[in-house]
Amino acid sequence: MERRSTGRLIALASVAVLAFAACSSGSTPSPSAATAAPTTAPAALTVGYLPKDIVNQYFAAAKTGVDKAAGELGGKVIQVGPNEAKADLQIPFITDLTTQKVSAIIISADGKDEVAPALKEAMKAGIKVVGFDSSPAVGAYDVFVNQVDFSGVGVNLADWACELAPSCTGEIAILSAAATATNQNAWIDLMKTTLATDKYKNLKLVDTVYGDDDATKSTTQAQALLTKYPNLKVIVAPTTVGILAAAQVVKQAGKSDSVKVTGLGFPHDMKPFVEDGTSPVYGLWNVPDLGYLSYQIADKLVKGEITGKEGETFTVKGLNGDKPYTIGKDSVVILGPAFRFDKTNLDVYF
Amino acid sequence: MTTPVVAPTAPSVELRGISKHFAATAALTDVSMDLRAGEIHGLVGENGAGKSTLVKILAGVHQPDSGTILLDGETTQIHGPAHSRSLGIAVVHQEPRLFPDLTVAENVFIGHAPSGRLGTIDWGGTRRAAEALFGELDVQVDVGAPVRGLSMADQQLIEIAKSLSLDARVLILDEPTASLSAHEVERLFTIVRRLRDRGVSVLFVSHRLDEVFDLCDRATVFRDGRHVVTTATSELTTAELVRHMVGRTVSLFPKVETPMGDILLEVRDLAKVGVFRDVGFSVRAGEIVGFAGLVGAGRTEVARVLFGIDQRDGGEIWLGGTQVNFANPSAAMHAGIAYLPEDRHQEGLVLGFSIAQNVTLPILPRLFPRLLIRSSAERKVADEHTERLNVRMTGVDQLVESLSGGNQQKVVLAKWLASGPRVLILDEPTRGIDIGAKVEVHRIISELAASGLGIILISSDLPEVLAMSDRILVLHEGRVTADIPRDRATQERVMFAATGSVAGDDHPTAGTQFTGDVTGGGLDG
Amino acid sequence: MAESGVTATVGAARTRGQWLSMVARQRELSLVAIMVVLGGLVSISAPQFLTPSNLSQVASLASIIAVAAVGQAIVVITRNIDLSVEATMGLVAYCVAIVLERHALDAPAAITFGLGLGLVLGMINGVIVTLLRVPAIVATLGTLSIFRGVDYLVAGSHQVPLAGLPPGFTDPARDSILGIPIFVLVALVVVVIGSVVLRSTRFGRQVYAVGSNPEAAAVLGIPSRLVVFTAFSVCGLLSGVAGVLWVMQFGTINGTSATGVVLSVVAAVVVGGVAIFGGSGTLAGAALGALFLGFIANALILVGLSQFWLQAIYGVVILVAVSADALILRRIQRATAERRVR
Amino acid sequence: MSTAVAPANGQRRWTRLLARWETMLVVAVVGLVALGASLSPFFLTPGNFSNLVAALMEVAIMALPMTLIIVAAEIDLSVESMAGLASAILGFLWAAGVPLWTGIPVVLVVGALGGLMNGLLVARGGLPSLVVTLGTLALFRGLALIVLGPRGVSNFPPAFTELGFGHVPGTLVPWPFVIFLLLAIVLGIVLHRTWVGRQVFAIGKNPGTARFSGVRVTRVRIGLFVLSGLVASLAGVILTSRLSSARADAAQGMTLTVVTVVLLGGVNIFGGSGTIPGVVLAVLAVAVMQNALRLASVTVEVQSIALGLLLILSVVIPTFAHQAKSALDRVRRRRHPPADSIVHGEAALS
């Protein structure tokens, strides 16, 4: 009995392995695997690209821009990063990049203070630090590339909500990322101040919930919103994960007509919802450009063309209509205004 | 060999000249006996008489070295347990092997449940069949309830029902009453008699002679692996039966007479609900007090309370003139009590440890007050005590699991001697160890007594108790039924007391109660 | 006299242990009862709680966990545990999503593939535990990080969006038949089939036997290793089902999908009254456990009690459940002990 | 299942194999260092070694009491949440203006109390530690979230940050590593050189005998859980300091790594055997591996796969060595039976 069963087990086991191979072949090769060990001495520009986490496609999109720039300027990019957006997981990568003496680090901080000490160490070691997307603490970077004019986003969000709510009236709710997320909180605050103005007096912000940029949590939260506020008009989700979850929930609940979704999202994700009217209007900045600009700045910093001091100016071909960028307070550079996606520009796609 | 008997029926099982050896030891030598359809046949004998070996042979666990087995007159080889079962032989063990989480019905039919369409188990059928079975036994059990929570007795009934479900022709009960209360025993008997009347041949292995008389039509006595006699119980008296059983003198190390000191330990009206009560006795320095009685009579339970493992519900314990109450074993240890437990592997030794580590385990805190273990000191202590008991070993760093049973037991003894006790409680100190080691252990025990320790010797080996003890305390169903001084102690006396029927002149000590009811009795192994 | 004595004893002997063990066996009922009461209380402050739409949403979400919990329960009943379920779910979810996005397979084929993959991953656990003799907790702790690692490896930073899935693929997540959400039906089917198998087949009883008393099982010649292997395989298969449901529920799938789910699954099993040391428990219990936890989560949000309380309440629920089990068991045993010699 | 006690007769070989296991670990560490050196020119730089250990210190520190607990045939899954709770409370108190020299002791006391709770439920309540600590895993995390909510507290004084991130003056040795070493030495001595440790082993191998030998089993078990809770909260403090920010989700998911490291160190999951040096070596092995792979820009997913395989192999190898051994013994015994079997045969008679 035992012997026979043993035989069977082995047989099954081998089947297991085969079927397994089937799966991996049926799927994408990991992009991060593509960037394998380029750790020869950094004669050419070697830049460490350190996103919040390596599974979020937002950063994959940004990296396409980084790679583009690197290609043009003949530099090397090492992508490293945790598979969870957690600061304690991000720090070792900073220290390792420091050890590797990369010329520059392009980072989206998982926690502005958490990563600061490590980044300062890196800067001490003569490495240029460019923050993008989510800022490290001031002083822990040479330049921070802000994806968008923050106050602008606040206004935009309010405007879109107003536009989608029938005659700019009714209940609206916000589905944000983590309650700790610096960007989202800034935008939400600005949005609130905007809502306070007379034009929006009939919009009632009933609730703000947090989906932690996690598909599951965001979905649950969105569902709860629909249940909790039967006559909700608009869900504003200033996060790519949140807006997608919200749109799906609304669509699946068959409420695409009564409840609208807006916020910041990927055309790649949102296209179908623009088409079916669940989310006619939303916005985002050009993420690849964000990566592109970040690398350009890193390059300039390393080559000493700029130092990151407030008031310095520089131009990047193909961006900002070839007009010069000016480094602002706290060495912040602003990519540009968010742009609006709707039926008119369904073809714009990244 | 077999004397002619009343029962008219032909033998359903017959054993001819069965012999079985384990390595050097002869377990059974040229045993012949027969078992008839519709009879209850008692099989009695002391420790090592060979009863269990015979049972195991019938159950197919062992194959005889020589001799033949006949079933209904046909020579049969029993290849294994399964085969034995298929031949219609069912064995009910002292401790049933059931699945606590499964229902009664399922335990009865596990493996051979009636299956309905699609080969799925037909629970209705199973349930009905089980109810029918218990109906036949005239027992009302909720066959739908899980076995967990059922008493040992009820579990045995399930085992019996199981054997019925396999419609066994031969039912072997291996010491089924050892852990049953009088009432449960009575119920069991009622059922066994019913089976007998339905033509099943029952082999009833027991130490309780009165049960044998009460239940069996015939009885067979084994001694030292040999068949002594088979006879109708009606033609026997208890006294004769006992003589058949213990008709030998065991060559034990003679006890050295030692002067008694003052009273070390005194126990008054000790009680634990549902286990024992009104237990009172005293132990003097240099005295060996033997505890005789059946399994479940409460001997071990008393010891556990004395050692602080269990808490008493009533009574007083006086140690060296001061009243004591032990919250845990370490408290008892510090007060100078040591307890060599019954189960060497689960309670006596840490098998992964070396001899030294085992010996010093109880006294580590005392030995190394500054926490750090100095292995030199540890070895010294271990050497000292193991040499005293001359444990056969390569050194104290040897792992205990590589020692023989006897030497392991000596290590446990050494461990407790190392704790320097005033009173030493020995629970079945010689169970399962070879004669040689047995004699040594006996020598050690009397030496210890001679050195002024008070010793309580719990043993089911009656000759041992008789040889070693200055006084024998007999427990029966949780009460002291006799307190017999050495000079008056005989096997018969002790045995009668253990059955609750005390010969007139053995007055129990104060606080003990005499109970007249005669249920269960005889020796225990 | 003897006769009556007989019947009397057994009858008397059981009564006390009996109702206690009955309570023990009625975990399902008590869970339902609590949920009803809870539902009533919540709906006072949050009327939407008891609306069909809400209930079906909650039930659908819970059904995913329930399916996985059923698999887990089978493994736990055999005195093992499978910590790798969430990784299995995640990997299956992504593989199914990706083959759909790349049109490698059509929906039915993809689903079959997903279930197959789950089965295979379960078998891998089974082999490691039974053939390589690695304690289940260690083995599945290992495969947890291996499967998850493979998931990341396969997925990278790619995310399969809803748009990547064939139209209508996610419909089952909201559709219902005769008012019963499809997910709930799936869970029901799984529970029913599983329960029938466990209750009425040779294998099913062997599962309990192996967990309840391994020695006795060995004596009866039950092929323990084969039973355990099968249990792990089934657990993998059901994790696969859960993974597919996950795709339908959330539409967007990446390498991190289903992270952290194992806690809810094991919690559901424990709350469902399955003994962590094997031998007892029902699949219905495990499923109800999942539903119960789902209800609490939803109720908290609706009552407006911050979701931060959720974790703490989960913890308390688990502790209460396990203490209750132990308490009842102990009472039963004491009830027995008190019938010993006196 | 997991907490069942291993067959006693296997113990001897276990211990012998463990002796070998440590040597295997040493080899592994050396091998990994060599690998690292070959993978990256920066590996053997002094600075790298401090990074290498720093990244894993909280795990390493929590692994030490976990070793004792698993040796005693229990397990504590709640450590990560306790660390998180510690971080949360510390942040809460600091934000509330409580000075750190008061806050830290308070946090440590909380840790001890949490451990006490586990201990009482397991040792007195007789509940399986696996489930109990699963419950407190959720409970403690919940409390952390309730105490601090989603916000992070980060304005800690630099001196405090120094504790977690800084180095021993004049060296590159990070403070947490010093704490880890001290704790390892202390617990190593306790487990292997004192009678307390001996009692822990006795409980793990055979609780029955331990009890009958006057070992205060309940007390020891409770003590172990208290220690675990205390050290977990200490790890929480260190993490908070290293990240210079307190968060309710701190240390989330660390328990798996802790248990993995302990088992990797050769500790028997069924209790009764294991060594602190083994675990320390395992910590080094894991730290070196992760660092080497990071430096070689091998992505995190490969690391988690490698970790899982290591874990399984760490059990498979000894098991099979053991089986081979006992098979040999059986053959030998069949040739000439030792005294034991005779004795047992005789015992079987009655």
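Letters A, B, C and D mark the chains as written, and numbering starts fresh at 1 in each.
Here is the rule we go by: a residue touches a chain if its C-beta (ideal position, glycine included) is under 8 Å from a C-beta of that chain, and two chains touch if they have at least 3 such contacts.
Just so you know, these numbers come straight off a predicted model, no measurement behind them.
Enquirer: Using the touch definition from the top, how many steps at minimum link chain A to chain B?
Expert: Minimum step count, chain A to chain B: 2.
Enquirer: With chain centres set to the mean of the C-alpha atoms, which chain is at the far end from chain C?
Expert: Chain centre farthest from chain C's centre: B.
Enquirer: Hey, how far is the Cα centre of chain B from the one of chain C, in Å?
Expert: 45
Enquirer: Give, as an integer number of Å, the spacing between the C-alpha centres of chain D and chain A.
Expert: 36
Enquirer: At which residue positions does chain C touch at least two other chains?
Expert: 150, 152-153, 221, 255, in rising order.
Enquirer: Mark out which residues of chain D touch at least two other chains, giving numbers and ranges.
Expert: Those would be 149-150, 253, 299-301.
Enquirer: Can you list every touching chain pair?
Expert: Between chains, contact exists in these pairs: A-C, A-D, B-C, B-D, C-D.
Enquirer: Write out the stretch or stretches of chain B touching chain D in their complex.
Expert: Residue positions touching the partner: 22-25, 27, 46-53, 56, 225, 309, 328-330, 332-333, 339, 341, 343, 345-353, 357, 361-362, 364-365, 367-368, 371-373, 399, 401-402, 404-406, 415, 431-434, 525.
Enquirer: Under the definition above, what is the set of chain A residues touching chain C in their complex?
Expert: 1-2, 5-6, 8-10, 12-13, 15-16, 19-20, 22-24, 26-33, 54-57, 59-60, 83-84, 214-216, 219-221, 223-224, 227-228, 230, 241, 244-245, 248, 252-254, 266, 268-269, 271-272
Enquirer: Under the definition above, what is the set of chain C residues touching chain D in their complex?
Expert: Against chain D, the touching part of chain C is residues 76, 79-81, 128, 132-139, 141-146, 148-153, 255, 260, 263, 266-267, 270, 276-278, 306, 308-316, 318-319, 322-323, 326, 330.
Enquirer: Which bits of chain C are touching chain A when the two form their complex?
Expert: Contact set of chain C toward chain A: 46, 48-49, 51, 53-54, 57, 61, 91, 94-95, 98-99, 102, 104-105, 113, 116-117, 120-121, 123-124, 126-127, 130-131, 150, 152-159, 161-163, 170, 173-174, 221, 223, 225-226, 229, 233, 249-259, 297-298, 301-302.
Enquirer: Hey, which residues of chain A end up touching chain D in the complex?
Expert: Those residues of chain A that touch chain D are 30, 32-33, 35-39, 41, 54, 78-84, 86-88, 91-93, 95-96, 98-101, 111-114, 116-118, 178-180, 210.
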